[in-house]
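We just call them A, B and C in the order they show up, numbering each chain from 1.
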Amino acid sequence: MKRQLPLILLFLFGAFMVFQYFVPHESSEFFYEFVALDWPPIIGVFALSLGIISLIRMSAKRVRTRTPDWGYSVVTLAGLASMIVAGLPWFGGQESPVYKWEFQYIMQSILPTMFALLSFFIASAAYRAFRARSAVASVLLVSAFIVMIRFFPMGPLSIPAASTASWLLNVPNLAAKRAITIGVGLGIVSTALKVVLGIERSYLGRD
Amino acid sequence: MDWGSVISTTIAAFLTLAIFSFLYKDNPFYKFAEHLVVGVTAGYWVVIFYYTVVMPNIIERLQQGKWWYVIPLCLGILMWTRLVPKWTWISRYPLALYLGVATGAAIPLEMKAKVVEHLNGSVALVTYMHSPQATTGGIINNVIILLGLVAALIYFFFSKEHKGAIGLIAKVGIVVLMVGFGASFGFTVMARVSLLIDRFQFLVFTWLNAASWLPWYYWYTHN
Amino acid sequence: MTVFEKMFALDRRWIYLVLGLSVLISLVIPFTVPIPISQEARNIYNYVDSLKAGDVIHLAIDYDPSTIAELHPMSLSILRQCFDKKIKVVVTALHPNGPVMTAMLLDTAVARHFARTGERMKRGIDYVFLGYKPYPALIILGMGQNYRIPFPTDYYNVPVDSLPMMAHVRNLTDVRAVLNVSGTSGTDYWITYGNGRYGVPLALGLTGVMASDYYPYMQTHQIFGLLGGLKGAAEYEELVGAPGRAVEGMKVQVVAHMVIILFIIAGNVGYFAIPKSQRRRLT
């Protein structure tokens, strides 16, 4: 009941999906369309909500127990509450001006800036780590250099620079990325098989 | 620009600068902005999930008399048993449905898209060499791709020790992979700088444009 | 400390300052750089250009505000080309942070088209925004069967069956192509499930971080075009004849890349000029 039945259920759904791919018969299409593809997103939204519930519980606990820097958890909870209130149907739901304002001026300012910070870190990392210590490191350096200068305005050298970069991306880079893609593909398929066949069970957690 | 825009963009600029202040060191302004965005994003998700899934895919369908949507709704609610350690096992049922469908769909399609198609593509490189359209340059490129691919795949093959001929081919594989990683690095630099440019475009052209009463801005736009 | 020692062990904050100033200064100084057009970008432009008025394409916007800088210019240029050619567009946003951003993006594209041509593109007739659903792999498979399975209503809660544009669009086989502008693993799902199962022609507009990983898919014809990062966005802006933020950003990219290359050179010169024994002391 606790372990075997979910494993059997998972196997049946997994086997059905594989079977349906190879034999897309009308009779299997019904189950495929109206259960297999329609229900998981509904279940999924509840799974995703677990993260939000955990965030609320964790932040509330930090405020309640007055752990160091608990004030920031108040900021988190206030931000969360303000967004939910702004999105209530009486205020216009997704079209609510406050909801859109918070998205535009808070999320759309902070999220890209957090990633923009990485430009400084990548410059610093390139300076520290990108050194021609060995032949292999030199290959990495030269390859990066060719890709980085491909759009530099260098007069008559611009076209050869762009062509070299294009060759590098479409020939040796293609070989490297194809090897990785095939490896990733085989990894995904073998893991999926292990899950369907009940060999991989870590997602079940402990009893 | 009206005062509403000036205040809004000034708040956005303050939050942008608060995040940038992390470059000097961790500080309360950064922590404030970081915690604020976590909360606002979580609240945003609640609203999005409600209006894009709960309402159209559950509530409205039930209102239309499609009673069978009670089943996925109940399965979804069972996911919340994960919050109570004693009842966590119940959440395995909805999880089994989702994982079964997702992994079952992945097995043939991932095999096709990531393995079979790429092996087909590699075979096409060989057939090209025998075709009347083949050029010397094209043949050389295809040979490089095929040898590079084999070498890189052998590098990833750990069931046999990388010694002798295998070791030599694996070394060539490392070189090929380094070319790929170098290309990725070159592109990554561009990606990160793009984000920085965007934030500076916002600070210089949007925010300061909103605050165009600043004397230096007047000087900049009139010179 | 000698010059080489300084070159070897520069404080990271100097690097931050120089990079920041170089971006800021190059942004406010007016100059332009040429944008060479790659074949991968031209393929997408030519494909869309070859479509007839009334054809439908699917614009899959799978990114969030964190990658807006690179990907918004691509989406805006694609929408401009589609609106100009009267190609109808089905839009989805399969990243949870994407739907509000995409709704705003569509408003901007419609407003710009109206300002330029005086023609107002109508929601439900010229374009449809279906919005967001969780788990992109299964949503793509659902759209491959019937758009109405995952999306009974559009983003604005209007039933999809009541949208005139969707009257002849049942599933992915009814669209001429999917143009996936993405900063997430959604791209893999479009390749595996959209193209893999339903054979829909697919082109990608990707962040720079992802771009180089997808070149093998060009050779296998699983995708027919690829826009990589801000350069790809700038190329498409040039192709549609509307240079904007991406083209403007490329001049800054050149300067920022030069600065980073100079730092790498300085680091290497310092590394080789300093005896091995002293390197540890300095780091």
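Note that contacts are C-beta pairs under 8 Å (C-beta built on N, C-alpha and C of every residue); 3 or more make two chains touch, one makes a residue touch a chain.
All values derive from a computational prediction rather than experimental measurement.
S.K.: What chain pair has the highest count of contacting C-beta pairs?
M.R.: Top of the contact-pair ranking: A-B.
S.K.: In terms of CA centroid distance, which chain is the most far removed from chain B?
M.R.: Result for max centroid distance from chain B is chain C.
S.K.: Select the chain whose centre, defined as the mean of its C-alpha atoms, is least distant from the mean of all protein C-alpha atoms.
M.R.: B
S.K.: Let me have the rounded angstrom distance from the C-alpha centre of chain B over to the C-alpha centre of chain C, please.
M.R.: Those two chain centres are 12 Å apart.
S.K.: At what distance in angstrom does the C-alpha mean of chain B lie from that of chain A?
M.R.: Averaging C-alpha atoms per chain gives centres 5 Å apart.
S.K.: Need the CA-centroid distance for the pair chain A / chain C, whole Å please.
M.R.: Their C-alpha centroids are separated by 16 Å.
S.K.: Chain A: which residues touch two or more other chains?
M.R.: Counting only residues that touch two or more other chains, chain A contributes 21, 36-38, 40-41, 44-45, 48, 94, 99, 103-104, 107-108, 111-112, 114-115, 119-120, 122-123, 126, 141, 145, 147-148, 169-170, 173-174, 177-178, 180-181.
S.K.: Enumerate the residues of chain C that touch no fewer than two other chains.
M.R.: Counting only residues that touch two or more other chains, chain C contributes 16, 19-20, 66-69, 96-97, 99-100, 133-135, 138, 141, 150, 155, 197, 212-213, 216, 219, 231, 253, 256-257, 260.
S.K.: Where in chain B do residues touch two or more of the other chains?
M.R.: 23, 41, 44-45, 48-49, 51, 53, 57, 98, 101-102, 105-106, 109-110, 113-114, 118, 121, 180, 183, 186-190, 192-193, 195-196, 198-199
S.K.: So in the complex, which bits of chain B are touching chain C?
M.R.: Residues in contact with chain C: 23-24, 41, 44-45, 48-49, 51-53, 55-57, 60-61, 98, 101-102, 105-106, 109-110, 112-114, 117-118, 120-121, 124-125, 180, 183-184, 186-201, 204, 220.
S.K.: So in the complex, the part of chain B that touches chain A is made up of which residues?
M.R.: Counting only chain B, the residues touching chain A are 8-9, 11-13, 15-16, 19-20, 22-23, 31-51, 53-54, 57-58, 69, 71-73, 75-77, 79-80, 82-83, 88-89, 92-111, 113-115, 118-119, 121-122, 141, 144-149, 151-153, 155-156, 173-183, 185-190, 192-193, 195-196, 198-199, 202.
S.K.: Which residues of chain A touch chain B once you look at their complex with the stated criterion?
M.R.: Touch list, chain A to chain B: 2-3, 5-7, 9-18, 21-22, 36-53, 55-56, 59, 69, 72-73, 75-84, 86-87, 93-94, 99, 101-120, 122-123, 126, 136-137, 139-148, 150, 167-186, 188-189, 192-193, 195-196, 203-205, 207.
S.K.: Mind pulling up the chain A residues that touch chain C in the complex?
M.R.: Its residues touching chain C are 21, 29, 32-34, 36-38, 40-41, 44-45, 48, 94-95, 99-100, 103-104, 107-108, 111-112, 114-115, 119-120, 122-124, 126-128, 130-133, 141, 145, 147-149, 151-153, 158-159, 162, 166, 169-170, 173-174, 177-178, 180-181.
S.K.: Where on chain C does chain A make contact in their complex?
M.R.: Listed in rising order, the residues are 10, 12, 15-16, 19-20, 33-36, 38-39, 64-69, 96-97, 99-101, 103-104, 133-135, 138-139, 141-142, 145-146, 149-150, 155-156, 197, 212-216, 218-219, 231, 250, 253-254, 256-261, 263-264, 266-268, 271-272.
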